[in-house]
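Going by the order they are written in, the chains are A, B, C and D; count residues from 1 in each one.
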Amino acid sequence: MEFERPLAELEDKLASLKRVDLTDQPELAAEIAELEAEIGRIRETLYTGLTPWERVQIARHPERPKTDDYLASLFTDVVELHGDRLFGDDEAMFAGFGTLRGRRVAVLGHRKGKNTHENVRRNFGSSHPEGFRKAERLMHLADRFGLPIVTFLDTAGAYPGIEDEDRGQALAIAGCLAALSRVRVPVVVTAIGEGGSGGALAIGFGDRLIMLENAYYSVISPEMCATILHKDARRANEASACLQLTAADLLRRGLADEVVPEPLGGAHTDPPAVIEAIGDALDAALVSLAGISREALVVARYERLRAIGEFTGE
Amino acid sequence: MPISDWFKAREQRRYTAPTTTVSVADVPDGVWVRCEGCKRTLYMGDLERSEMVCPSCGKHHDITAPERLALLIDEGTFAEMDADLSSGDPLDFTSGKAYADQVVAAQERTGLPEAIVTGTASIGGHRVVIGVMDFRFIGASMGSAVGEKIARAFEMAATLRHPLVMVTASGGARMQEGMLSLMQMAKTSAAAARLAEMRVPYVAVLTNPTMGGVTASFATLADVIIAEPGALIGFAGPRLVEQTIRKSLPKGFQTAEALLEHGMIDMVVDRRELASTLALVLGYLQPGDE
Amino acid sequence: MEFERPLAELEDKLASLKRVDLTDQPELAAEIAELEAEIGRIRETLYTGLTPWERVQIARHPERPKTDDYLASLFTDVVELHGDRLFGDDEAMFAGFGTLRGRRVAVLGHRKGKNTHENVRRNFGSSHPEGFRKAERLMHLADRFGLPIVTFLDTAGAYPGIEDEDRGQALAIAGCLAALSRVRVPVVVTAIGEGGSGGALAIGFGDRLIMLENAYYSVISPEMCATILHKDARRANEASACLQLTAADLLRRGLADEVVPEPLGGAHTDPPAVIEAIGDALDAALVSLAGISREALVVARYERLRAIGEFTGE
Amino acid sequence: MPISDWFKAREQRRYTAPTTTVSVADVPDGVWVRCEGCKRTLYMGDLERSEMVCPSCGKHHDITAPERLALLIDEGTFAEMDADLSSGDPLDFTSGKAYADQVVAAQERTGLPEAIVTGTASIGGHRVVIGVMDFRFIGASMGSAVGEKIARAFEMAATLRHPLVMVTASGGARMQEGMLSLMQMAKTSAAAARLAEMRVPYVAVLTNPTMGGVTASFATLADVIIAEPGALIGFAGPRLVEQTIRKSLPKGFQTAEALLEHGMIDMVVDRRELASTLALVLGYLQPGDE
């Protein structure tokens, strides 16, 4: 990633130094040690003081763990359900059942691919209306049979295509919002990467919101915000900061309930640890919601949503 | 001007010459305007008498929330709700034009505290709760105050068990309030879903333009969806769609008429028949048994 | 129609006789009188002893009053609702509200056109999945707001196209059947013309079934039945008789509640009278259902359906 | 042979060499059969051991209702319901082959009283009500008796609050019972809708072929829809579609795989994994609160 370049240069230098035979040039040993210390300091500074835009880039890192990775590592007995029963099956949206540490749940998740082939099939994680309608179908199933809902957010947004508009992208998203607000089962949302606008929100609110440290969740993409404000998408850096889209921002505002830390450099540097940490957070959230009655859950979720917003007057 | 005063001054009211779609011609006193639909020069009085629908080509020019209310509701029946609610600046958003300044400017320009006016009223004798968005106010984008007023309108309809009528126009979520705005989509949808569970009717009137987070939330969760002719209605903005697919958009894309053909709305109704159509529809939509 | 040909020939002969100047040939007057009497006798025989296949032909007569005619004559304050909110609006299916003699109801009806242009738009009255999904949407609306449902059957069947199959014709019909069986409002069905198979059934059962004398309602089209049985669609005449598809057949089996008589020759010979008679029957049916509680309606409708069928064993 | 006897004789059971799709080759004792999928000659014992799925090409050959039950349910758990229900001849239908004779012939050929077997059973330890259609019985078309058995199965599931599993195969409504058959679509759909209102799960397994009035009623009203690979599933028969549109049908039209792509079914599951998949799905579908 762009902001990692100074670090990468030092690391390259270190690597070449290490290739030298130290028996010929013993004075290099000290230089190497110093360089290693320097790299450690820079790494620390670089990743602890990440700007929002840098976090957005980490959230988009191609090696970052994806919905599929969480499904594979955290869940047993996974059953994928396909189709909206209306028009198609959208591979950009996972819908199904799974068992998380012994607990049966319904799972929804945006689905980016691991490679170009998968990404083409999955439209790079941007759902068509069929994906949202499949998600809504699963919400109703979960509600009928008392399965808690766990969702994984990782999308740049709903796909803005001609056919998507013609087939009611807006209505499909609205349908999810209405359904998710009324399901009488616990809903736990995890933001694991990108949280782009309405396409993320469609499966992106509930009784708990857990965010990875470098996940972002935003009303608009930084690039489009910059385009609107400055007619210059390259000012996304600045826009990212204005939008308050980081996990820390959401936690501070009470929109997120918990931020799960990532290793230095981002989740992709140690996927197993990050996935396990999300598993712990999910499990704890589900435990905390397990005793609440169906009616109380819906009332509490409604009140949670109703409380969001800052305005003047009363 | 507060809505209450505005109604008192109803006799003197004039439609706003909507500079976005009608350009005031350089004749004295702005008495003549040019229709952007047919490019003809019209006498403003004629345009007003036909409710800002061009008598020549039928183009529906944008109107303000007070104008809309005057057209739709039975005279003297409007009682405004939540008139003192308006936007804060929770993110201290100063990139581009400072948000706080934009709000003040919009308030001064429109005489409205926020981008939506809500209240109770009658339409053709039917008691309703009504909300009308005003596109002049920062594109009637939905921030915290707009979302709150909408949620309260749904809740008032639930309490009174009176049908809700929402007249929308919006560019979508208000980005200057960040995630607080995005969450208004969930909040208003939850309020709509709750009203639906209570079997209280909800009719939406989508006017030009209704886009983004408003179309993708409460606006399309109505029992009956009406749109005005030619209104632009969609999720993604046309420019974004064009950039994404890298080809030009089909004629009529995202118009009310296209949405009708694609099965997304119930009817396209001429503004001059909107009040009577609403009254007709409301006659059928009595709140159901709980 | 084919079976009317002998009558038509006599009527032609009568017409030519009447063009003759009787002052020249006074003996013709007696001949004319006799011919008129003969025509009356034939007409009586022809139309009172109609075969099922002849009734099917009358039910398909292009001049027969259609859903649109009933809408225009019987209902005031008609509001048409469009669209399935998913993919399209199907003009082969009417959905909306109307007021029948002061009573507000929801109306569904198959819609044939009056001319080629209309018929092309309306696919000759054969619905696509969108038509059934629109109908299902209206059923739910009627249920929510307590509006009795009145339906008009007049379709050769659901359209058997490639895209229709791909978009779930079967599921769309099944959705209507499920919804119509559970709506908590009175449902009165009128069979005014063709009642072809699943496409008719989708809006074709309820608490009362009123049939016009020459309407038919059948599990399969006579032509297709003949093709299956005899590999010869021209034996539809025979198949029509076997299928017991006339109004009288349904009344006898208890599937129809009432048969509304048509004038000699069929409904198209006096549309206003037929439409008014259907209005009377509809009104009476709605009155008879008006006092029943929502729960009792659903239970009674279920029991009505459950009782249908003749088999051995218990 | 009644189902109960059939289960007792389970040790000696043999799959029916399904003459519709597998042609018994002219080798002694019918021990070798030819797969219509890959045209290879297979040893019947191998085909049996892989549940009549060709070990070479994966083609799923049709199997009978008793064979299906033996594959799916836990041994010894099946209790048949309504075994004495069978078709009358309400229309005295004698055109073509006399219907009454067809029924008797089907009963003799299949050893079944009707085209569906229903009962209670366990699948992977989950108590269920199950129905399995047998295409050999007049194309498993749905007449009064079939409809009645299906409706009773739904009602038994409702009473016991046990999930319902329906394994379908059918040419559609049984035309020889006229309107009584068509109305079975409404009757079975009503029973399915009632079960759904009671939040009792329903899983459908669509096997080759499931067409017409069965697909357009109870079969597709399930909470989860599974299909077998290659199964023909649709509303209108392929020949009718071809005649109507006057062009040839696309490859794979109305197959389970096409329906999956078009979003109509949840999954396509190999017969050899069907029992375990059903057990897995049933584990998630516990009847909900009323």
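Assume contacts are C-beta pairs under 8 Å (C-beta built on N, C-alpha and C of every residue); 3 or more make two chains touch, one makes a residue touch a chain.
Please read all numbers here as calculations on a predicted model, not as lab measurements.
A.B. asks: Which pair, A-B or B-C, has more C-beta contacts?
C.D. replies: A-B
A.B. asks: Which chain lies the greatest distance away from chain A when centres are computed from Cα atoms alone?
C.D. replies: It is C whose centre lies farthest from that of chain A.
A.B. asks: With chain centres taken as the means of their Cα atoms, state the distance from chain A to chain B in Å.
C.D. replies: 34
A.B. asks: How many angstrom between the C-alpha centroids of chain C and chain B?
C.D. replies: 43
A.B. asks: Go ahead and note the Å separation of the Cα centroids belonging to chain A and chain C.
C.D. replies: 55
A.B. asks: Can you work out the whole-Å distance between the CA centroids of chain B and chain D?
C.D. replies: Once rounded, the distance between the two centres reads 53 Å.
A.B. asks: Which chain D residues touch at least two other chains?
C.D. replies: Where chain D meets two or more other chains at a single residue, that happens at 196, 220, 262-264.
A.B. asks: Any chance you could list the residues of chain A touching two or more other chains?
C.D. replies: As it turns out, chain A has residues touching two or more other chains at 85-87, 167-168, 171.
A.B. asks: Tell me, which pairs of chains are in touch?
C.D. replies: Touching chain pairs, listed by label, come out as A-B, A-C, A-D, B-C, C-D.
A.B. asks: Which residues of chain C touch chain A once you look at their complex with the stated criterion?
C.D. replies: 85-87, 133, 167-168, 171
A.B. asks: Give every residue of chain B touching chain A within the complex, in rising order.
C.D. replies: Of all residues in chain B, those touching chain A are 82, 84-88, 90-91, 93-96, 113, 143-145, 147-148, 151, 173-175, 177-187, 189-194, 196-197, 212-213, 215-221, 234-237, 240-241, 244-245, 249-250, 253-254, 258, 262-264.
A.B. asks: Enumerate the contact residues on chain D facing chain A in the complex.
C.D. replies: 196, 199, 201, 220, 223-224, 260-267, 277, 280-281, 283-289
A.B. asks: Applying the document's contact rule, which stretches of chain C touch chain D when the two form their complex?
C.D. replies: Contacts found on chain C: 158-162, 164-171, 173-175, 177-182, 197-198, 201, 205, 217-220, 224-225, 228-230, 238-239, 242-245, 249-250, 253, 255, 301-302, 305-306, 308-314.
A.B. asks: Which residues of chain C touch chain B once you look at their complex with the stated criterion?
C.D. replies: Per the touch definition, chain C meets chain B at residues 77, 79-89, 97, 104, 106, 130, 134, 141, 143-147, 294.
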